[in-house]
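Structures incoming, each one as structure tokens.
Look for chain A in each of the two complexes below; its partner is chain B in the first and chain C in the second.
Showing the complex of A and B:
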């Protein structure tokens, strides 16, 4: 077995462990035998079985969905833009989706299904805004891509500010979205998961299918084109998949930040930059990171429960600083 | 046989190639030479179809390039750009394997024949035992060999290289160009190389195309094409061209003393 295949197996086992641990832990810890019994010998009279299947499993599946899609989005965006800070949260995709969902619900009174479409439209809108602002700011002439990231920060602040303004405008409905807008992995959003998980799976399948040409694009457009890659179609399809995937994750549990930024940096040293390995590894590792963050969010301040999105923002903000130091402030900083 | 007919290319309003027609003989090494901005790299990009503002006809083996799809073209022509970027953590073996993309089916990967070809490409450049090494850990010369291995693994009959010995010291320049010349002899590849150094072009290539301001001034075998008149016309520089060890050598006329005198007058 090659080192990369071995690393993938270890990440897979780690993710499985995190999944089981996530089901087992909570306000009350449920023993592992009860966790397995809930799946294979469900007893409707058993309260623990009920909690596992109807509260913790949806929550864990949401964490897997959001973590896998955000991480894969980060791998693709960092590869295509060759920017180590690119991710759905730093390039306006998450904030665009969040703004459109809140605006759609407040202004047009959109139902849950339509909010999913709004999230995807918003994800595309946010990303296009960031690219446009970066171009206006002369991003083409900036080889280190800082203008792209600064444009992402600007657009994200603006869109989240607008979303918050909508929330403040109607205090009666504020509680519906107040938790969601900070990224909240919670079983109350299970209906959203039921609607939108197929879109996430479709996006992941699309990205896995494009893995080889995406890897070639990391060598530069001319090199990729000379080997036979359609350098117009492949990035557009890949970005569409990222927008759909991230949009579906935001539609379910709000903008879960920084998994997409951090995970690519963790998986690259383990499995390399070939997307055929990096994408599955990122999906698994992203899921694992969200599952563990969810456990921590529930346990760290018990009996109070922290929103997973807030915890991930705290961890991600620190890692963001480390990446900036390593890639931008160190002499001879590496590229993504 | 690769042929460019009346190729014109522009960046915005600036015309870089003006009705260039040139034929590249098969299994020979052709060097494109000329001053900076004369259109050498642009000619390679036009052949690859990278420039939107480009007209004229490119024929490969009598077939019109514009009728070939991107993958079909990749099976006929391989291209090594002037600056090649390789992400950190990519290994040499992975890089070479990517060259087979145009032959892979959508779902499948490399065949056994492909794998043999990748190994043979690495053997040719002398890096067969380094396949597991990260590209970022290779020396400048090794890295350039790795890119040549990728181009070779593409298994195309024509190879275009844009300044493959830039940023390399003299020893590596010679070893890389020896390797490139070897491709025309051992594998019967048609290789077209952009070179800045006229002495390197005269030493290693079979044919030379001399360009100035987007036009072909002279083209043909090295011995008949590189002469004082053509060099003066292309580079605005008078020079001696003489033979040493069976190779042409180019030496500008001005001695060091006359250069110093010019400097003192200025």
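Showing the complex of A and C:
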């Protein structure tokens, strides 16, 4: 118990540190006292203060929003499907949301707010597609859930391909969405954060509220049912929260991949499977991971600024390979 | 010289003088595919913005004079696209067929296994960091990349017992990593090359020209002896390692040789037109659907099917969606994913029946 609390504290401190580091680092490195001064004694004449409040803070907040929601989505999906590779990005949620946003913007000329709703609908659509394809491909008889992940990958390819087809059809508007569709954390999308953050917070709150029944569900449906958990309603509510949360994150900064896949695997050894600890830890760690990835994306290849989504794909793909190796390809592979 | 006979399994075959026999059904399938390719070529010649077609082409060949626009449309735009598309499709489909027998996995595909991405990363690395290297060496870089990915994949996947789906997932993981690397490299190239690269990255025939065809031609020609020499080995690979060894197949020699040739052919096509994902799965499956075959016949039928599919996709993307300029790799993905899901379904049904 104390060990878990300690781990939570360390993660909390780590993400605070990442937050401050994210604010202070950039094309010009701003000293820490100036960072604090920007918050507590804002000076409109000071260029550094302006950069921090209007460029770096929005970016950091977006990274926190996306990271926390994706990571919690990953924890819940991996718990419910009992599959170590489940996450919003591998189960078609992200790509569905991205496709609906692009299609909505191109075909129906949706405004920013409506694009958020389209992202939610798309997230649900992508997830349902993946589930039905997996069932079609014989997922019921596959105890290790490989075909679920494979159908996730296929549906994602299809949906991203369709989104690309829309993007190509109008070169003039392509540049508006090109950065977004690869998953980009950038202060130009701040107005989207202003619209969609309440949805993300709502989804997080819902998941925290469901933490106890979700923990019981991961122990097995019979056990959960025997202590009075509704085994039909709780997963549905949880999935709804995941879809809303990931949808809002995608609506803001595009399909930021793989945070949801990686973070649960880091968090689980630290705080265990109890959702009451795992969810806050995952939220904090996901935020921390996105903040660090954002720093890296801005600094690693200076003066070029990478898209954070590309960097996360790079890291996430590697972890994906490691997980496949560990769970599916080692003799007597472990089970999640 | 050549006579009609019945094979041991009762099917009708054509037996050649040297003892070679070909199933009549496969010959018919091949003819159908050849006719389809010809028909698609005619269609492709006449589809597009400029009103012209085969008639003009023949008139031009027979010594008549072609108008400037028409000559341009036929010789500079349409013919290269058709030829390059057919050759690339042929190569990718043959690679897919080889990999499927090699990995004994009906879902193997050079694109999904990351081989094409590996070739692309190497080409990009050469273009970005060694811009002085002549373009003729690019296929070598592509080959090194594809071979590297193949070796990494074999190393990661390890034992022979691993399930086919797990290998596929590993391939997809590698592909994700590699495509992230290509995205980073695109940032390093100057704007004008970056735009050309991104259409090549999506797999396209926009830049098809006669020098590209000349560059791909040797590899295309090489694929014929490769099919004839290695095709026989494929037939016994499908039976499993023990059976293959029992039948006298030198596995230690022929497996690496086959892998090497497969990577070679796939890299050549990537260099020419970029990755054509899903074609390597699609073409052999469709070819088998048309006429079940194994060994050489399977490879040849798959190759024809692959070429026909690419030419058809090109016709569709130029004819129906001319204002949409869809890269051919993208349209193949859009068609390929549903077909892939269908073949997953068929596989599941077969497994269920097998139990």
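Keep this in mind: the second predicted complex is superposed on the first by the 335 of 336 C-alpha atoms of A that agree within 3 Å, B and C clash if a C-alpha of one lies under 4 Å from a C-alpha of the other, contacts with A are read in each partner's own complex, and residues count from 1 in each chain.
Everything that follows uses one rule, which is that a residue touches a chain if its C-beta (ideal position, glycine included) is under 8 Å from a C-beta of that chain, and two chains touch if they have at least 3 such contacts.
All values derive from a computational prediction rather than experimental measurement.
Peer 1: Applying the document's definition of touch, where does A:314 land relative to chain B and chain C: first, second, both, or neither?
Peer 2: Only chain C; A:314 stays clear of chain B.
Peer 1: With both structures placed on chain A, which of the two partners, chain B or chain C, ends up touching more residues of chain A?
Peer 2: The partner with more contacted residues on chain A is C.
Peer 1: If you stack the two complexes on chain A, which partner ends up touching A:230: first (chain B), second (chain C), both, or neither?
Peer 2: Touch partner of A:230: chain B, not chain C.
Peer 1: With the two structures laid over each other on chain A, which partner does A:268 touch: chain B (first), chain C (second), both, or neither?
Peer 2: The first partner, chain B, only.
Peer 1: Considering only touches as defined above, state whether A:81 meets chain B (first), chain C (second), both or neither.
Peer 2: Neither chain B nor chain C is touched by A:81.
Peer 1: Examine A:219 and indicate which partner it touches, taking first as chain B and second as chain C; both and neither are also allowed.
Peer 2: Only chain B is touched by A:219; chain C is not.
Peer 1: Using the superposition on A, tell me which residues of chain A are in contact with chain B and, in the other complex, with chain C.
Peer 2: No residue sits in both footprints.
Peer 1: Which of the residues in chain A come into contact with chain B in the complex?
Peer 2: Going by the criterion above, the answer is residues 79, 82, 209, 212-213, 215-216, 218-220, 222-223, 225-230, 268-269, 272-274, 334-336.
Peer 1: Hey, which residues of chain C end up touching chain A in the complex?
Peer 2: Touch list, chain C to chain A: 156-159, 162-163, 165-166, 168-170, 172-177, 179-181, 183-184, 187-188, 202, 277, 323-327, 330, 333-334, 337-338, 340-341, 344-345, 347-349, 351-352.
Peer 1: Which of the residues in chain A come into contact with chain C in the complex?
Peer 2: Within the complex, chain A touches chain C at residues 85, 133, 136-138, 141, 146-147, 149-151, 153-155, 157-158, 161-162, 164-165, 168-169, 182, 301, 304, 306-307, 310-311, 313-314, 316-318, 320-321, 324-325, 328-329, 331.
Peer 1: For the complex, which residues does chain B have touching chain A?
Peer 2: Contact set of chain B toward chain A: 45, 48, 50, 70-71, 73-75, 77-79, 81, 83-91, 94-95, 98-99, 101-102, 104, 106, 154.
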